[in-house]
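So, here come the structures, one by one.
Same chain, two partners: subunit A is paired with subunit B first, then with subunit C.
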Partner chain A sequence: MRLLFTAPPGAGHLFPLFPLAWAALSSGHAVAMATTGANVDLAARSGVPVVDIAPDVDVATEYDRLNRETNLGGVTDPATARRRGGVRFAAMADLMLDGLVRHIERWRPDVVLYDPYQVAGLVAAHLAGIPAVLHGTGLPMRTFRPALDAMTRPRQYGLAEPPTDPAAMLNVCPDSVDWQRRHRGWPMRYVPNDLAGPLPRWLAARPSRPRICVTFGSILADLGSTALRSTVDALAEMTVEVVLSKGGANGYEIGALPPNVRVADWLPLSVVLPACSAVVHHGGAGTTFGALASGVPQVILPHGGDQPVNARAVVERGVAIMVESESAEPATIGEAVRLLLGRSSHRATAAEVARENAARPSPSDALARIAELP
Partner chain B sequence: MRGTLRVLVTAAPGVGHMFPMVPLAWALRSAGHEVLLVTGGRGLGAAVKSGLPVVDYAPGMSGQEISDSINRQFPAHLPVGESRIRRLADAAERVVHIARFGLDTTIRIAEAWRPDLVVHDPLNAAGLIAAAKLGIPAVQHLLGFARGAGLSTELYGLLRADFTRHGAPGLPASVVLDVAPPALLAEPPEGWSMRYLPHDGGGPLASWLLDSAGAARPLIAVTLGTETPLVAGTGTFDRIAAAAERVDADFVFALGGADPVGLGALPPNVRAKRWLPFSELLTRCTAAVHHGGSGVTLSTLAAGVPQLALPNGADRHANAGAVAEYGAGLACAPDEVTPAVLARLATDEKLRQSAVEARAAIEAMPCPADLVPRLEAAVR
Partner chain C sequence: MRALLTCRPALPQLYAVAPLAWAFRADGWQVLVATRDDFAPEVNRMGLPTLATNENGLAALVGDWRPDLVIAQAPTPMPCRVPLIEYRWDPAATPAGTEADLVIDACPPLLRAEDNCPVLPVRHIALGLATSLETRLLDQPLVYVGGELPVGALEKLGAEFVYDREQRYRIPPDTDVVVHDGDSLLAVNALALGVPQCVLPRTTTAARLTERLSACGVAVSLQRDVADAERVAERVSTLLTFRDCRRRAVELAREIAARPAPTEVVRMVARRFSVRVPGPARDSGDEA
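Moving on, here comes the complex of A and B:
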C-alpha cells in the first residue's frame, strides 16, 4: 500500500500520526507525510519521507496571524470556539489544498490519512477518488465540520458540496474514557509520540524518589498563567523529584526554583511520563492521552480550548483531579498531588486504563483493516 | 499486547549500523513498547532521524573523531582495505575495537533504564554484556550477507575482562535476525529471517526526484557510502564519471561525506549531490553503482534493480559476491569501471530479471512488524 498522511500546522496535529506511519513503514508499505510550515522541519526528524504542500506560502506568518485572531486560549464558550476554529483551519486547508491535490497526482497514494482538523485531506482524497481515513488524536471526533464548510478553494475544482464522511475513522480513545459514549470508528491503541530525539542521560534513568512531571504546553508564555509558579511552590516541600518542561516557551520566566525541580525548555513527555508517579498539566490532548497510555494519574488545570473537555473525561474515569486554573492556590494543587500519590484509587485506575489501551488493536492491526478498504 | 516492554537498541558508531535497525525499532514502538536507541558519532546522526528517543554513548566526540580514534588504535580495521570477510567470526580480532566502543557508557545506561530486551548490531559488544548482566535476552540484528555465527562467542573470548568487570556471567540468551534473503544464501539463514526495509533517514522529498518518474533515459544512482569517500577521497567518483561520459544513461552521484570540491569536471550526463535519500532515489533508478556496503546492497535488491558493486574491504566482498552469484548484479574493483560494464548494467535483461526476482524474494520475508509478537514471546 501507499499511504499519504497529512496534518495542518501545529505539532499537536502532526505528532500523533507517526506511530501508524512507522507501523506502515515497518510492514513494508510506502509512506509520505504531507504538511507545511514549521511542521516540515519537525516531520523531517521522524524518519518518514516528508513533502511540503504549501512551499510557496509564508505559512509561519499566516499561521501566527490566524493564531492571534482565532486564539482559543481562555475561550470557554463552545460555539465561539467552533466558529474561531472553523475560520482558522479552513484558511489553512485552503492554503494546502492545491499542493495536496498535486502531490496525490504524482505520488499516487492508495489512501489518505488525515488529522480531524486537516479537512483538506478529506477533500483531496475525494477529488482523487481514493479513500480517506480520519486519524483521531484524542477524544473521539468527526472531521472538523466548521472548517470543511468554510473552505472556499474546493469550488475551484468544481466541488459545490464538501464531501461528508471518510471511508473509516481511527479512534484512539479507550472506551472507558469515552464517557459520552461516542465510540466512533475503528478502535486503535494510543501510542504517545513527540519525536523525542536526543535525551539527556538522566532522563533514561529510573528516578529514586517519586517523579512528578509538570507541563503547561507551549501556550503558557502567551497566557501569562500563574499555574506553573503555583505548582512549583506546591511541590517544593514534598519528597518528590519535579521535572518541569516549559514546552518550548523558552522566554518564559519562572523565577527562582526550589532544589527538587529540574527544568528544561522542552522535554519529550513520551519518555518522561512512563517514569512518573503523577503529572500536573493544562489538559492538552497529547499530555492527557500520553498520561492515560502510560498509566499515570493526573492533576489538570485547564485553560481553554479542548482542555476542559479532556479534563472532564479523565476526571469522570477516575484517573484525574481537576483544579480551576485561574484561582489555583499552591495549597489546592499540593493537596491534589498528595491525594494521587497516597491512598486514592486514581493510581490503580490509571494502570487499569493503560492496560485497556494496550489491549486495543495495534496500529498494525488497523493497517490490516485499511488494506481491505474498497 | 501483554504489557509494555522496554527495548534498548544499540549500534556501533556508524551510519550503516544504525539505519538498518530503525524499522524494527519503529515496529516495536508503534506496538506501544518503549524504545531507546543508544549509539554515538555518525550512528547518532542516523539515530536521531528516526524520531525515537536517543542517548549518545560518546558525548562530545564527533563522528570523525571516533573514526580517527578507532583507525589510529587499529589501522587494520580501516573501512577501506583488503579485507574479504565472509564470516564475521573470522574477523573478531579486527573488529574488537569497534565492538568495545561506548561499552562502559552503554552498560551504565542499560543499568539505569532497565530494559527487558536488547537489540544490537553484531559489531556491538555492549549489547551482549548489558543483556547478560541484566539477565535478559539479546537480539543480534545482522546487517548484510556476512554471516554472524560464532562472532559473539569470539567476542566473549576476546572481551572476557569486560564481561567480568561488569559482572556479566557469560553470553546472554540470544535471538538472531537475518536480513539476507534466503534465496541469495548458500546455506540456511541464521535465526529468524526478517525482511530488510530500506531506510536512510527519510525527510523532505526533493521535487526533481518526485518529477523524475518515467524519464526516457536510464538513470543510474552512484554512492560510495559515508566512510569510503572520507578515507579514500573522490578518485573513484572521477573514474566512474569518465566512464559514464561514454554511456547512454544519466547518473546521479550521492557524494556522502565527500567534498564536491575535490571532484573533477563532470560530463553533462552526471550530476553530483552531497547527500541524497538513497533509498528514495533508487525507486526512480534503472540501476545502482556502489561500494558494496550492506545497506545499499540490500536497498538496491529491495528496489528490484541491477547493481554494480566495487567492494573495497570490510564485509563488502560478501555482499557483492552473494548478489553476483545470484545474477542480480556485477562486481569489479573500483579502478576497473569501464563504459562497457556501465552499459551492461543499464541494459542487460538477464540482470534486470534476476534483480526483479531478488526483490520478490525480499518481499516474501516476514516484516519487522510481523516479528514483534515473536520477540514479545521471547522475553517472557
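Moving on, here comes the complex of A and C:
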C-alpha cells in the first residue's frame, strides 16, 4: 500500500502522524509525508521520506503573517478562535493544494491521511478519487470545517462544494477522557512523539526525589515566560528534582535558576515523561496526551487556542489540575504540584488512563483496517 | 514497556535496525538507542532518541534505565536479568555463538552461510536516509549507483541515474538496476525491493556475498580489476534488456515480504518475554 500523510506548517500537526507512518514503513508499505516550511526538515529528521508541497512559497513569512493576523494567544472565546483558525488554515490549505494534487498524480498513493486542520488533504484526495483518512491528534474532532469552507482554490478544480466526510477517522483520545462523548471514528492508541534527540545521561537514571517536568511548548517563547518563572519559583522550595525543557524555543527569559532545576534546550518527552511524578505545562495537545499515555498527572496553565479545552478534558477526568495562567502565583502552582505528589487520586487515575490508552488498537491494527478501505 | 537497542556507529547498522525500533515505538514502547556520542545525530535523524554510551557503559545504562528488553547488535552479557535479544541482518557477517536469549535475523536465508542457531525471522525493510522525494519526469529505466564506481559509460544507455556517492542507501522504489560495490545493506535493500544488481565487489567478504547473490540469480558481477566503464555499461544494459534477473529478484522479494514484519515480531517478542503490553512501565518509587 502507498500512504500519503499530510500536515500543515507547525510541529504540533506533524509529530502525532509519525507513529502510524513508522508502523506502515516497518510493515513494508511505502510512505511519504507531504508538508511544507520548517516541517519538511522536521519530517526528514524523523526518518520519513518527505515532499515539499509548496516549495515556491516563503512559508515562514506567510505563516508569521497569518499568525499575527489570526493570533489565538489569549483568545478564549470559541467562536472567535474558530473564525480566526478558519482564515489561517484556509490560507495555508490554498497555498498547498496545487502541490498536493500534483504529488498525488505522480506518486499515486492508495490513501491520504491528514491532520484535522490540513483540509487540503481531504480536498486533494476527493479530487483524485482516493479515500481520505482523518488522523486525530488529541481530543476527537472532525475535519476543521471553517477552513474547509473558507478555501477558494478548490474552485479552480471545478469543485463548487467542499467534500464532506473522509472515508474514516482515527481517534487517538481514550474514551474516558472524551468527556463530551464525541467518540469519533476508529479507536487508536495515542503514541507520544516529538523531535528525537539525545537523552542526557542523568535522566536515564531513576530520580532519588520526585522528578517534575516543566515545559511550555515550542511556540510560547515570550508568552510562557511569566508562567515559567512562577512555576520555577514554586518548585524551588520543594524537595523535588525539576527538569525544564525549553522545547527548542529561543527567547525564554527565566532569570537565575534555583539549584534543584536543570534546563535543557530540548528533551525527548516520550522517554522523559514516564519517569516523572508530575508535569507542569501549557496544555498543548502533544504534552497533554503524551502525559496521558505516560500515566503522569498534570498541572496545566493554558494560554489560548485549544489549550483550555485540552485542560478541561483532563481536569474532568481527574488526572490534572488547571491553574489560570494570567493569575498564576507561585503559591497556587506549588499547591497544585503538592496535591499531585501527595495523597490525591490523580496519580492512580493517570495510571488507569494510561492502561486504557495502551489497551486500545495499535497503529498497526489501524493500518490493517485502512488497508481494507476501497 | 521499555526497549533499549544498541547500534554500532555505522549507517548500514542504523538503517538495518531502525524498522524494528520504529515497530517498538509505534506499539507504544519507550525506545532508546544506545550509541556512540558522535553517531547520535544520525540515529536522531531516524526519529529515534539516543543515549550516548560505549561498550563498557552498556551494563551501567541497563542498570539505570531498567529496560524490559535489550536488543543488541553485538551482545554482551547483561548484569541483571534483562532478556537479551541479538539482532542480525548482515549477510556478510559470520554469526558467532551467542549469549542472547533470542536471535532475530533479518537476513534472507538464501544469503546466510551455514548457521545452526535457531532464529526468529524478521522481514528486511529497505531503508536509507530520508530526504525529499525526487519526482521522476522521464519514462526511462532508472539506475541507482551506490558508491564511487567506474560508471562513466552508463549515460549512453538511455536511462535515468541516481548517483549516491555518499552511500546514504536510499534506493528509489521504482529503480530498475542497482550498481554497487558489494555493500551488504545495498545488497539486501535491493533484494527486498526486488531489483536486480550489478556488483563490483571491493573486498573478499564482498566477493563472497556477490557469489551468493549471483548463485541466487539476482545479480551479475564484475571483478574490480577488469571493471572499466564499458564493461559496467554492458552488464547494466544486459540487466535492463534480459528480464530473468528481474523476475528472480521479484520472486525473492516476495519471499522476503512473506516473513513476519517488524511490527509482528515486536508482539511475538513481548509475548515470549511476558512483557505486559497494556499499561505504562512505571515504577518510579518516589513517594512525595
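For the reader, a short list of remarks on this structure follows.
Note that in this section the second predicted complex is superposed on the first by the 371 of 374 C-alpha atoms of A that agree within 3 Å, B and C clash if a C-alpha of one lies under 4 Å from a C-alpha of the other, contacts with A are read in each partner's own complex, and residues count from 1 in each chain.
Just so we're on the same page, a residue touches a chain if its C-beta (ideal position, glycine included) is under 8 Å from a C-beta of that chain, and two chains touch if they have at least 3 such contacts.
Being a predicted model, the structure only gives us computed values, none of them experimental.
Aligning the two structures on subunit A places subunit B and subunit C in clashing positions.
Residue contacts after overlaying the shared chain place A:Gly342 against subunit C, while subunit B stays out of touching range. Legend: residue contacts after superposition of the two complexes on their common chain; A:Arg211 is shown touching subunit C, with no touch to subunit B. Using the contact criterion defined above for the overlaid structures, shared-chain residue A:Tyr63 touches neither subunit B nor subunit C, since it reaches no partner. Once the two complexes are laid over each other on the shared chain, residue contacts for A:Gly47 go to subunit B and to subunit C alike. In the superposition on chain A, A:Ser277 contacts subunit C only, with no contact to subunit B. Number of subunit A residues touched is higher for C, counting subunit B against subunit C. Once the two complexes are overlaid on chain A, the subunit A residues touched by subunit B in the first and by subunit C in the second are 18-20, 22-23, 25-28, 32, 40, 44-52, 103, 106-107, 189, 191, 193, 196-199, 201, 204-206, 268, 270-271, 274, 293, 355, 357-359, 362-364. Subunit B meets subunit A in the complex at residues 1, 3-4, 22-24, 26-27, 29-32, 34, 36, 44, 48-56, 109, 112-114, 195, 197, 199, 201-205, 210-211, 213, 277, 280, 363, 367-370, 372. Listed in rising order, the residues of subunit A touching subunit B in the complex are 18-20, 22-23, 25-28, 32, 40, 44-52, 103, 106-107, 189, 191, 193, 195-199, 201, 204-206, 268, 270-271, 274, 293, 355, 357-359, 362-364.
Interface of subunit C with subunit A (complex): residues 18-20, 22-23, 25-28, 30-32, 40, 43-52, 61, 64-66, 123, 125, 127, 130-133, 135-136, 170, 173, 257, 261-263, 277-282, 284-286, 288.
Within the complex formed with subunit C, the subunit A residues making contact are 18-20, 22-23, 25-28, 30, 32, 40, 43-52, 103, 106-107, 189, 191, 193, 196-199, 201, 204-211, 240, 268, 270-271, 274-277, 293-295, 338, 341-342, 351, 354-355, 357-359, 362-364.
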